[in-house]
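Accompanying notes for the structure given below.
Naming follows writing order (A, B, C and D), and every chain is counted from residue 1.
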Amino acid sequence: MLIEGQVVIHERLGDEDQRLRKLVLKGPIAQTAKAGQFVAIQVQDFSISSFDPLLRRPISLAGISSERDEITLLYRIQGRGTEILARAKCGDKLSVMGPLGKGFSLPDEGELWLVTGGIGIFPLYPLAQSALAQGLTVRLFWGGENQSFLESAGLSSWQGLGIPIHLSTLDGSLGQKGLVTVQLKELLEKHAISGGKIRVATCGPKKMMQAVTDLCLDYKVPVEVSLEERMGCAVGACLGCVVTLTDEAGTLIHKKVCQDGPVFQGEEVVWDESC
Amino acid sequence: MLIEGQVVIHERLGDEDQRLRKLVLKGPIAQTAKAGQFVAIQVQDFSISSFDPLLRRPISLAGISSERDEITLLYRIQGRGTEILARAKCGDKLSVMGPLGKGFSLPDEGELWLVTGGIGIFPLYPLAQSALAQGLTVRLFWGGENQSFLESAGLSSWQGLGIPIHLSTLDGSLGQKGLVTVQLKELLEKHAISGGKIRVATCGPKKMMQAVTDLCLDYKVPVEVSLEERMGCAVGACLGCVVTLTDEAGTLIHKKVCQDGPVFQGEEVVWDESC
Amino acid sequence: MSPVDFTTQLAGITLRNPLLTCSGTYGFGEEYTAYCPLESLGGITLKGITPLPRLGNPVPRLAETPAGLLNAVGLENPGLDEFVKSYLPKVRMLPTAAIANISGFSLEDYVQLARALQKDSGLAALEVNISCPNVKHGGMHFGTDPQSAQEVIAAVKAETDLPVIAKLSPNVTDIVGMARAVQLGGADALSLINTLLGMQIDIHRQRPVLANTFGGLSGPAIKPVAVRMVWQVFQAVDLPIIGMGGITTWQDAVEFLLAGATVVSIGTGNFVNPQAPLEILKGINDYCAQRGFASVRDLVGLAHN
Amino acid sequence: MSPVDFTTQLAGITLRNPLLTCSGTYGFGEEYTAYCPLESLGGITLKGITPLPRLGNPVPRLAETPAGLLNAVGLENPGLDEFVKSYLPKVRMLPTAAIANISGFSLEDYVQLARALQKDSGLAALEVNISCPNVKHGGMHFGTDPQSAQEVIAAVKAETDLPVIAKLSPNVTDIVGMARAVQLGGADALSLINTLLGMQIDIHRQRPVLANTFGGLSGPAIKPVAVRMVWQVFQAVDLPIIGMGGITTWQDAVEFLLAGATVVSIGTGNFVNPQAPLEILKGINDYCAQRGFASVRDLVGLAHN
């Protein structure tokens, strides 16, 4: 659907250095949304008719509250579009298309492991919420630059969920020093022995997701990955956002991040060609 | 000069129907400005890098306060650019070039008659102030759509100057019904008999200025007119804003509204070709 | 005030209204239905097809430019057979006119596509894309050489009983010459314009942004060029014109109609505002009603008077 | 960190830095001095001149478009004699290199202009505008036909001892072919690009906005087309390129350098930000310094590697 979402909250998230923002918009998108889906948002108030920047920006749903008719977007100021978006004031109306794409799927039982790096964490929170509501066990592996980043990007909210959290930072300022995949591997190893039923959902830098997928394939754990690509239409009409996958027959095919994704089965992704 | 003028006041002027705004900007432009000059203003806060709309908008100086380092712009929301401008909030910074062009000149003695229609009134207020400060007698002829317009566009400020004011409205709701030139002609006729020394300054719709110029020529009264043209550079470099004039030898020549004007001697203007 | 008449004749087909969507920006008709009901459109132009399936170019395929969009999709499409088998049955059921867009790398390609697509396919017309700038071999050739353009159109025309629309490239010195050539070839209508060839460089990576280096520029940025070409061709060539290139608002659409387009088509504008077609229809309606035009047809070419 | 070397060689002239301003957007050098000191520029290109004085087109001459500007000034200029008499003495005194821009309606016009402007005039070079799209007769012709372009450049080259820069029109099917032609004619450098031919219609008046109907499109909107042409010509033709078309920020300037321009030129960008040249120089400097480029020359064409 297309809504004129009214800005309810728009604030800095954590340290200003991290350039993160939290944007809460009022509108009926929440009613039908699920974790892993995204919106395509126009970065200027719709009452300003400017065609520069021209395109909407894809941002994941980081919070879905159907009771309050609100969605939460968490984003990093990256370039021109997000810089302009960051100037939206409470009461401004932003044109938002969504919910778009297909979200993550939840296993019927067992454990859901969330593995993420950087701001790839954002779409995972509503996923954790749904999984917990459904009685699943949830575990988080999260790697970031440093302590300031992890704290800015919402660590305390995650701690509030009461799930096991495995942190890592590049500089060792919080959690283990190094990559998130080190701890993931350790725990996959343990569980391979104990034989617990696990599914992994991952979102973050491409290299990380590729490594996570490789590990999961090694340990025969199903993994869903959330991909990014530049978008035109955001509904599957322009073929701008394709990723290369292999189908069951092993043939290379294209699927659209906006419509068929952004979540795909890890084993299908042809990493060096996609994104 | 080029300044980042900070928005000090930005408010509706009178009836919302009239779509008029008052914008006061802080910055050193006032120091060197005189009545009849204008600025070229970027309509969005300079921190938003958008090239649509691309060009600056020319707006006359409607108030010049060198003590407070402030200029006042009065404008009508006309199209896209002024609509976006109207969204600037107190504290926003707008990029402003100015003061631009050559202003009105003041006679050494005698009477200065201001003849104007619609929002052509805006640049005349600082002119009246300067003239009064210099001890000249000032008289205003002002025609507008209706009472609501005249009151919205600042009638009470003008009344505060304590000068004779001749109003006319198209619907007769205030002053005389009809065109401003009717009263002008009556008074010119009277003065032609009494022989007082008069200069006329006019700004407003082209047709009105042409009629005013014709009357002034009839009565041998010098008249300065303030012209408008679409602008590119606003400094005389692009030749976008030319008007056709006749020089002393009667040859058709072009002058630039932005640099040579916007104020020209009425008798020089070739009306059917300019603007 | 009686309602404004929107029905439009184009190359022998009757359209509900003079509003289409552009090839390559509206998929095969199913993607935008949640935002814009197809029955509100005069018709849609389908994504370009080629004889064989194509995966198109690698990503990135898109780059945003000032008021514009560069795309280098590279004609990704399921190919003729799959189109006929899997897409055409659905396309036939669409509640609006569907125009197929065909592309080729040789005269034979065009002939093969035209032969397979006849009136009984349920399509309303064939738009012949002789202008896609993204494909490295061929493509550009037909669209920039009048002689080849004429031949392609004549060949297509000989093979199909569907009305044939020639879609022209703006990347030419003489658009009127191209239009005359395809008229000689037998075109029933013209689509103006395809994208301008452009590119963008990523100054951080010091490489072209698009994997394909070059892409086609669309969107509001190119509107002045598109309006100019519609204007020139309207003056010189007696064929109905489908105007496109940057149409995003109803004012844009009216501008194209006044310039001489019988029909207008929305491409990149859909990405900006997926309800653009609806807003444009309403805007045209109000524009006509307020000025006393009984029919949208009365606007066509009016700015030439 | 040692300072970045900005000196640039172009067609035998040494420029303080690779930043010029475009013909027609910077008058004869005196208009912008309050915003941008001329000694900070590599040079300025003067408003185009013709043998006889011209009043140019009626107003409106300008129309704003999405991220672009249409102009139809129509080569208003004082004419050769008045230029030599009243402007040249001042131009000689300018604290930066001055390039004259010459336009004509016949080969003889160009010859006459070139003959009058030699090294002893104090000019740094002649830019030959074979591309102004605003003039109804001629103008367009030289700029879109390779043969004529070559002849004009050869004729100019034969008459003057100044370096000759050929300024090409983007309104052609094959920009590389045009570049090759003027190289054969003896051009010492190329200016790429002039404006794209466009127009706008006022939907209220139902008439073209510009009195001249057509105008030249400049500004950020055309940047992707300009970068593409610079890229293509850099690959195919061994002549230094002055890149222009939409440069407004330092990022734009770097984009043109990476695409293959030896020098960049700011036109419409000055209108948007009269201090654009200063900001661009600072930006290029920081870009080079941060990435360890000792000279701006190291950036030229780098994105081709």
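Keep in mind that, in the parts below, a residue touches a chain if its C-beta (ideal position, glycine included) is under 8 Å from a C-beta of that chain, and two chains touch if they have at least 3 such contacts.
Predicted model only: the values in this text are computed from it and were never measured.
Enquirer: Supply the minimal count of touching-chain steps required to go from subunit A to subunit B.
Expert: Graph distance in the chain contact network comes out at 1.
Enquirer: Return the chains common to the contact lists of subunit B and subunit C.
Expert: A chain counts here if it touches both subunit B and subunit C, which gives A, D.
Enquirer: Farthest chain from subunit C, going by mean C-alpha coordinates, please.
Expert: B
Enquirer: Determine the centre-to-centre distance between subunit C and subunit D, using the mean Cα coordinates as centres, and give it in whole Å.
Expert: Using C-alpha averages as centres, the distance is 34 Å.
Enquirer: Quick one: subunit A and subunit C, Cα centre-to-centre, how many Å?
Expert: 36
Enquirer: What whole-Å value do you get for the distance between subunit A and subunit D if each is reduced to the mean of its CA atoms?
Expert: Result: the chain centres lie 47 Å from each other.
Enquirer: Give me the residues of subunit B that touch two or more other chains.
Expert: 49, 51-53
Enquirer: Going through subunit D residue by residue, note those that touch at least 2 other chains and give them in order.
Expert: 65-68, 219-221
Enquirer: Specify the contact topology among the chains shown, as one of line, ring, star, complete or other.
Expert: Topology of the interface graph: complete, with all chain pairs in contact.
Enquirer: Show me the residue ranges of subunit A that touch subunit B in the complex, using the header's touch definition.
Expert: Residue positions touching the partner: 44-45, 47-53, 80, 83-84, 87, 89.
Enquirer: Taking the complex as given, what residues does subunit D use to touch subunit C?
Expert: Spelled out, the residues of subunit D in touch with subunit C are 65-68, 70, 144, 171-174, 196-201, 203, 206-208, 213-215, 217, 219-225, 227-228, 231, 246, 251, 254-255, 258-259, 287, 302-303, 305.
Enquirer: Which positions of subunit B touch subunit C when the two form their complex?
Expert: Residues 51-52.
Enquirer: Could you pull out which subunit D residues touch subunit A in their complex?
Expert: So the residues of subunit D in touch with subunit A come to 66-67, 220.
Enquirer: Using the touch definition from the top, list the residues of subunit B that touch subunit D in their complex.
Expert: It comes out as residues 1-2, 42, 49, 51-56, 95, 97, 229-244, 252-254, 259, 273-275.
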